[in-house]
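I'd like to ask some things about the structure below.
Labels run A, B, C and D following the written order; every chain starts at residue 1.
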Amino acid sequence: MNNENIQAPFFVINPKTFLIGNELLDLARYANCLAKQYHVTLLFTAPHPELGNIVRECPNLIVTAQHMDSILPGDSMGHISAHSLVYVGVQAVVLNHADHPMTLTAIAKAIERAKEVGLLTIVCADSVPEAQAIAMLGPNVILAEPTELIGHNQKSDRLYVTSTIEKIKKVNPDILVEQGAGIRSENDVTEFLELGADGVGVTSGIVKANKPKEMMEKMIQAVASFQEKRK
Amino acid sequence: MNNENIQAPFFVINPKTFLIGNELLDLARYANCLAKQYHVTLLFTAPHPELGNIVRECPNLIVTAQHMDSILPGDSMGHISAHSLVYVGVQAVVLNHADHPMTLTAIAKAIERAKEVGLLTIVCADSVPEAQAIAMLGPNVILAEPTELIGHNQKSDRLYVTSTIEKIKKVNPDILVEQGAGIRSENDVTEFLELGADGVGVTSGIVKANKPKEMMEKMIQAVASFQEKRK
Amino acid sequence: MNNENIQAPFFVINPKTFLIGNELLDLARYANCLAKQYHVTLLFTAPHPELGNIVRECPNLIVTAQHMDSILPGDSMGHISAHSLVYVGVQAVVLNHADHPMTLTAIAKAIERAKEVGLLTIVCADSVPEAQAIAMLGPNVILAEPTELIGHNQKSDRLYVTSTIEKIKKVNPDILVEQGAGIRSENDVTEFLELGADGVGVTSGIVKANKPKEMMEKMIQAVASFQEKRK
Amino acid sequence: MNNENIQAPFFVINPKTFLIGNELLDLARYANCLAKQYHVTLLFTAPHPELGNIVRECPNLIVTAQHMDSILPGDSMGHISAHSLVYVGVQAVVLNHADHPMTLTAIAKAIERAKEVGLLTIVCADSVPEAQAIAMLGPNVILAEPTELIGHNQKSDRLYVTSTIEKIKKVNPDILVEQGAGIRSENDVTEFLELGADGVGVTSGIVKANKPKEMMEKMIQAVASFQEKRK
């Protein structure tokens, strides 16, 4: 697997642990239909124990783990290995999320492991220098999101969005840039894509919406429209 | 779920990450047959992404997670919640393994979460004072294992075994005590049970045996014989 | 050193990192005078690099480190060893503070190290079960403080205070119990001592007071009065 | 403070925790004399509680902390702040040593804090990509050292040495590169400097030498000779 597997513009649905069990599976199934209907690249994250279930039922989603450790198979216990993820059909993994910050060494090794087994990597960055540092490690995607905005209504400002994109591409133009903070509507999705983001990721904007499925669909439609126009 | 669900003498197969994917599932299926054949309480641990698969195929095993965090559902990402584990059918969880040491606060909270959702807790202890400290937190099982012996051929000495059992039961007689280090044969299993262990756990003794399945069966037979005699 | 070195009622001034450098030294010097004037056992905590300075100038204070690791001298780097602390004249150490939670194993080992070199240990606990677990490890003092109240104006409620004291003493009557949360005045100090606390610890109540030195003096007077009455 | 304060070639004496107390101070005093005698830039690391003592007695050394956290003064406890270090006269700090790995975010923030207060930063890197990632964060010095060689007799191979230097300078030519692993003699020092290292750091090579002071002097002489030749 390589960058060809993920096509910009892409959309990431990241329910974190707001939804668990049947509620999560239900949202995933709906996303699975939308992926097919709108021909949009959709990544869908889930807690580790539930990944296999979603893979089985949602062939149109790039099912994504919310964290991975850099361990190799062997005498280690309680950590998440790339091999287990691949075995259950996971295709991508988020690393270094603000809720699970990793040491620099662990990020570097986890990206290495992921490449060995063909997992896509989405590595979270807070500041611009951190984003550039991560770019040096060669992940597939960098999710640029100012930590202090996560979970809040405020969007990343336009300067943050454009400068993270520019600075990351300058280090390595092959890395895709996802923007995340504070997306609350389909208009926000369009705005970020027009500013140059390769992808957009949403948590609260969907799970805390009055009608999560409807909001998710509108956002995905926005991605599809942007995709259409760009052709 | 409560202590009635776990019956001494019990046997814990803990392949850590030595086995992954089909190899792990294959061993689990065999253990599942042995649990039925020998009427022995078997716990079987697995990495988080693979737990659901094993639950589905192995109804006679108490499928056990190799770690759990103390998070509640909500705005957290990359950690293992009790709710996801229960959703996929997991019945027990190992906490504070030497490969994933937890803060005291996290152990206390994880035990609380586990009780809320009906997960059995197996908490690892190194020294006798640590075992007694953990006993105060009221887990179902304490796995007493001197950290420096994990993964080696040397068994815990008899004094360690008897004194951890005695000291734990003195704090709380309802807690079951599992012994783990250096079990390499069915005779080791019998020895530990005769010294008073409620259960015995094995990793290397099985996964590094010449014939893992045969060795596992001999060890389970040893548990069954001990069970029989004790009646 | 042993429990004889710390005499109830004692008072702990814990400026955390609110005060640094000359401001911290200035408060320490004043506390040093008060310790002599009021014949009260005073512990004074400071960041690691500044401990030596305070020891040199404040012979009447039990100078206390804000954290310690469980390392032995040798091939380790960047961690705080008991031996370095003792070398610069530190007499006590706080372990497992909510800002620096430790694994259970690290707490157990750090207490061991501290005993070997004669450092007093003050171990922080959040809930009652955690306090009892820590009691099993035999520290000199347990600081019982509900994590959610740290840094806030709300005091621990009377039931928390009396039940932590009772439950800790039940495990080991030699352990002294310090209460900490939300002490804002000399009356709070008296109240906690009358409820049975062996010692009282204050951060915000002093560093955020309008006149920190005056407030510190009033609180120490309250300890002295209580001490007098109890004779 | 800035890069002008550290002049290549420089030499780092890093006793970790092999030496503590008077033994450490004794070695530092000797290094202090050698710094003056040979006009060589010497950095000398020490555990946090002992830094102040060494600063007071050794004005010719760049006294260096073995770790620092990214905290700001305020409601934090048990961590090392830049402000405390500067207050006691420390001039440099090692970050992300293999014994105390830091999250990427913490490294980025600690470098920021250090710059604010004028501390030199020496950030450890394991692999080449990690070294380049760190270079993006703009530290003063990168210590390139393959983690698996730390504490062993094997030196970094010549290719590792030259490629880390080249790759770091390519990202940012102002960053000085220190090489560390396996230096056991004055010849090793010369070899690494001739390969292009701006500085060389030693632990075991000195503390485990038969005559640590003599070996330290020989190594410093090697730096002085190299310096002389280069003029």
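Heads up, the rule we're going with is that contacts are C-beta pairs under 8 Å (C-beta built on N, C-alpha and C of every residue); 3 or more make two chains touch, one makes a residue touch a chain.
These numbers were taken from a predicted model, which means no experiment stands behind them.
Shared contacts of chain A and chain D, meaning chains that touch the two of them, come down to nothing at all. In this structure chain B contacts its sequence twin chain C using mostly the same residue numbers, the overlap exceeding half. Placing every chain at the mean of its C-alpha atoms, the farthest one from chain A is found to be C. One inter-chain figure worth recording: chain B and chain C are separated by 38 Å, centre to centre, where each centre is the mean of the chain's CA atoms. Chain A and chain C have Cα centroids lying 45 Å from one another.
Across the assembly, chain A contributes no residue in contact with two or more other chains.
Arrangement of the chains shown, judged by which pairs touch: one closed cycle in which each chain has exactly two touching partners.
All chain pairs that count as touching, in label order, are A-B, A-D, B-C, C-D.
Interface residues of chain B, counted against chain C in their complex, comprise 96, 98, 101-108, 126-127, 129-130, 132-138, 147, 171. Across the complex, chain D meets chain C through its residues 14, 16-18, 20-22, 45, 47-53, 65-67, 71, 73-81, 83-85, 87-88, 90, 94, 97, 99-100, 151, 203.
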